[in-house]
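In what follows, chain A forms one complex with chain B and a second complex with chain C.
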Partner chain A sequence: MTIPGIISNSDIVRARLKHSWLENQLLNKTSQEVVYLWAETGWPALENEFSERVKDTLNLADDLENGFSPAQLVDRLAPFAKVDQEAKELIKQAVHEAYLESSKISDFRMPLREDAMALGEALDELHKAWQLPVTEGHEQILRSVWQKVSIKAKALHTILERLPKGVVLP
Partner chain B sequence: MKCWWYDYSAINNRPQLKGFSDLMSLFINRDCDIPNRILKKKPTDLNIDDVTNIICFIHADTIPGLTKEDWKRIASVEHRRYVIFVSSHPKDLKTHVDAEQGINAITHDLSKVASALDENKIKYFLESCAKGKLDSSLFELTLPEWVLAAYLIGIAKDNDVVIDENALRQCSKDGENDVEFWDCVKAEFNRFSISYRMQSVDDYPNQEQLKSLLGVIADKVA
Partner chain C sequence: MLPRILIIDDQFARDKAEQELFLLRLNAIESVKPSPKVTHPVAEVVYCSGQQVTGNTVNNDYRVIREAVASGWAEESPHWSLVMLDVRFDSGATGPGGLPEGQPEDEHFGEVVRQYLKRDFSDLPVVMLSGKRQQELAERDTPYLSKDGLNEQAFRRCLLRHGLLSIDQIRHLLGLPNDVVVLSDSTLACYREAFVHARGNVSVLILGETGTGKEVLANYIHECSGRQGPFIGVNVAAIPKDLLESELFGIEKGIATGVSGRRGKFEQANGGTLFLDEIGDMPLDAQVKVLRALQEKKIYRVGGEKAVELDVRLLCATSRNLAGMIEQGAFREDLYYRINTIQLELPPLRKRQEEIAPLARVFLEKASRAGGKAGLELSKEAVQRLETHAYPGNVRELENIVSRLASGAGSYQVLDQEMVSRALESASGFHSAPDKKENYRDASDGSRGYPNIPNLTLKDLPDLLSNINIEADPETLRAAKLTLDVAFQEFLQRVAGAALECCRDPVTGSLNRQRAMQLLTGNQQLKGKEPARTINRILGRPLAHTVSDQDLEYLIDLWKTAASRQDERGIKDGRQC
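Coming up: the complex of A and B.
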């Protein structure tokens, strides 16, 4: 179970990626809107931000086991303040191993990495298509690439949705 | 950080929303520079541009002629200005939260939230605001930290970790006498168990799991 009301940094990152990035910047757009951005106004986030969000997702995957681990509570909870460091390390190790076993969190690591990289590749392709002059033929290319981005974004959204929403207790 | 308290329903500087007064008292009673300010000005009348480091608690259902959008304009993480809505219908506030813009809400019963706070939590919360990363977990109902600590120790012991019980002795609040870790756990567990039975299912979406967790802890502190 996740502990209500106790937030970890990884959960904040997960929530930002899922809500602020995927839902509010990618999944909320139709191909028509993307074509409009391409032809009329530009899309600075595509140029400047999205590659960083892909990196954030890969970092989240790399730190997945630690990010939601109850071991971090040993350093945060006041009742442990006077406990010596050696005992704290033993407690951390025991709860971390119990959590890894019960949560199967490690199973998410590779799918998360793969979906992040797949979306990154699709976004790179979109970025290239973005540089093309505005013509009907290029619009079809853009729509086709955008469809790929949407599919990959949905896949990543699904796995982010399945991640814990806070620190997990074994 | 300073706190401003907006409540048009206040009478003689005493908010009428249940729990709002308790929350305010907790912040004000801390030994820090937080003025007791019940403000009634409209956001449009506030000269807010030069103001930094404030947390505005706003009673959202008593704002004549104003919408939540009007109040949201105060928020600016860059200037460390935060808006936190409270309401007699806290669940309805969830859709207004935009943490990245510094807009939050207390979506649980205010009295329960206030009763779960202590000075350390408030200090941590204010520090998180000052850093530009408001940590709203303060306003979530959660397992008390002694209970959580006991649960983690229980897991460690189940995995053959030997813990010197003396290492768990705690300083009492007056700093003179040590107190037994397990006495603190029992006291907090009993308090929480009583409070937990009064919670609604909505307060704990994973209530069944929590019940099972409490059962495990009950065995350990028996």
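Coming up: the complex of A and C.
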């Protein structure tokens, strides 16, 4: 269960990766459109941006437990303002442990890492194919590598969709 | 001028490659940099990021958006046809790769902007852009367009549904051919609705008086539907009741001696569209079978046991009051609901006067082509005279009047007001509703009286002609010549149409012109080039002219139109009697 209206930093990252990267830059393209970019306009995001998004995803995976933890509310919600720091730390630790137990958030870490790395590899392959000298059948190679990218992007999108949307209550 | 679209989306300002791909998907051009790759653009697009960049920080800013909207919303500047507004805008410090790191309020910035736009530009048409699928967005109150699988057709539909458009822009978006005249608000609304629903497989019921162009609209829906199969039209009223079932469902080979198998209209339309015109005239027993075919998506030929699977889009039309017929038990309620998912109503021609002149020009050109004539024109006064008529027979009546005018004219003739008046008077005489007494002329010599309106057959013709009193008066003869020439030619063309229809192959639908002309002339030796020469004579064209299938269909159309007119008048007069 998440708290409506309370957004964690990890949630901002999750939403940005899912929408602005996967949906708006990868999953929205057909192989024909990718070939068009290759032949006509170039694709600066493939050169400069996508490797950063893979890193963002790995960081999200590494910080998964803390990112969606209700412990962060203790520092943000008004009722805790007057509580002294030592008590706050104790409360944080207790809710965090309860949340880890009930949410099973840690179970997402490995699949998220693996899917992010798999997509990263597919994007590297696409990047290499992008730079190959133009030969007959080059388009076919691009289409085939793009298909792989699409499958990996879809898998990562699925797991990002399954992540909590906001801070999780224990 | 193309429809102008303002797209407010942070992504396109950041990423030129995405911007270009989006234009290709919409088949649109950017107004500041038209793309040579898009040759027939649907619309012209202006992008707005909705953001301010300061150093390495990007901020979402409504003021940027308000300024962009106002630039195309002032009285002196062309209006936006539509504003497309993204929901999520990424803001904050720009990280590696150029994407801002994001803020909690980014998620719904578009929704906030929509509220502000509503406050500041109350009439502005706004559609939200979303990454979610269209099915998930259908239930929302605000209009949404899914970016998922967005293409030109969906974009056109969205513009037609929500856009603020001029008549020319609507025609442009509808992709109407020049010979389909749609100019009045009511007809445009009907065609807009038709386009929006054309892609789905829902049934459509087209209402309208006879001759309003219901079949043209049905054909348009089929053209826009993307269905690969053929468009098959059936005028239910023109088929004898006993033959209707076999016409619709086909006949199994060998059900009786000498009977060859034949596909029905449902089978012929498989993969395409079946248009049942005048469905209100369908007998109840046939209605049951049509209903079953629609429910089960399969049919059985008459005498057949093997089911034929169907993938047919059904369009129906009627000039009758089906709801009233249901109350009287003359039309099945369950079939009515099955065929009436979407209802479109074509207004009568008298309620769309602005279409009369352009329609007349289209028909004049068509008749000129068919008659092998060039340079026929209507004078300004002639057009004005045409616009004064009420057209109880609607577009079909106008077409008949113009065809008659054209067939009586020579090339490069300007058809004047007087000629039009004569044609209209003869049409008005035709349309006046005679009472029972006037229907029959008493012959002074005691011979049989002849009906001067419907249901005369060819067999009646010799007797009818022998009863016509011809005065030996040069003035009368001179005045009669033009109208007689036209009437005889049209009559002969209708007989030729009927002969061609008789000689249509029941399985393939192809027309045997040689056999038809043999039937028409009674000359069994008519072979080689002679059938084509005979057809050219009937059409009033040079004998060496190449006869096309279109010419043959034109003759059949003339026959069919007159036949259905006779039927309608027979029904009306029957009621009056």
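Keep in mind that, in the parts below, the second predicted complex is superposed on the first by the 166 of 170 C-alpha atoms of A that agree within 3 Å, B and C clash if a C-alpha of one lies under 4 Å from a C-alpha of the other, contacts with A are read in each partner's own complex, and residues count from 1 in each chain.
The rule is simple: contacts are C-beta pairs under 8 Å (C-beta built on N, C-alpha and C of every residue); 3 or more make two chains touch, one makes a residue touch a chain.
Worth saying up front: this structure is predicted, and the values here are computed from it rather than measured.
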> Based on the superposition on chain A, does the combination of chain B and chain C result in a clash or a fit?
Replying inline: clash
> Which partner does A:Ile91 reach: the first (chain B), the second (chain C), both, or neither?
Replying inline: first
>> With both complexes superposed on chain A, which partner does A:Val74 reach: first (chain B), second (chain C), both or neither?
In response: first
> Who does A:Ser20 touch here: chain B (first), chain C (second), both, or neither?
Replying inline: both
>> After the superposition on A, what does A:Pro44 contact: first (chain B), second (chain C), both or neither?
In response: second
> After superposing on chain A, which stretch of chain C overlaps chain B: 114-122, 204-212 or 348-356?
Replying inline: 114-122
> Taking the contacts chain A makes with chain B in one complex and with chain C in the other, which residues are shared?
Replying inline: 7, 16, 20
> Once bound in the complex, which stretches of chain A touch chain C?
Replying inline: 7, 12-13, 15-16, 19-21, 23-25, 28-29, 33, 36-37, 40-45, 48-53, 56
>> Quick check: in the complex, which residue numbers of chain A touch chain B?
In response: 1-7, 16, 20, 70, 73-74, 77-80, 82-84, 87, 90-91, 93-95, 97-98, 169-170
> What part of chain C is in contact with chain A in the complex they form?
Replying inline: 11, 15-18, 20-21, 24, 37, 88, 90, 95-99, 101-104, 106-107, 131, 147-148
>> If we count contacts the way the header does, which residues on chain B are in touch with chain A in the complex?
In response: 100, 120, 135-137, 139-143, 145-146, 148-149, 151-153, 155-156, 158-159, 161, 163-164, 167-171, 181, 184-185, 204-206, 209-210, 213
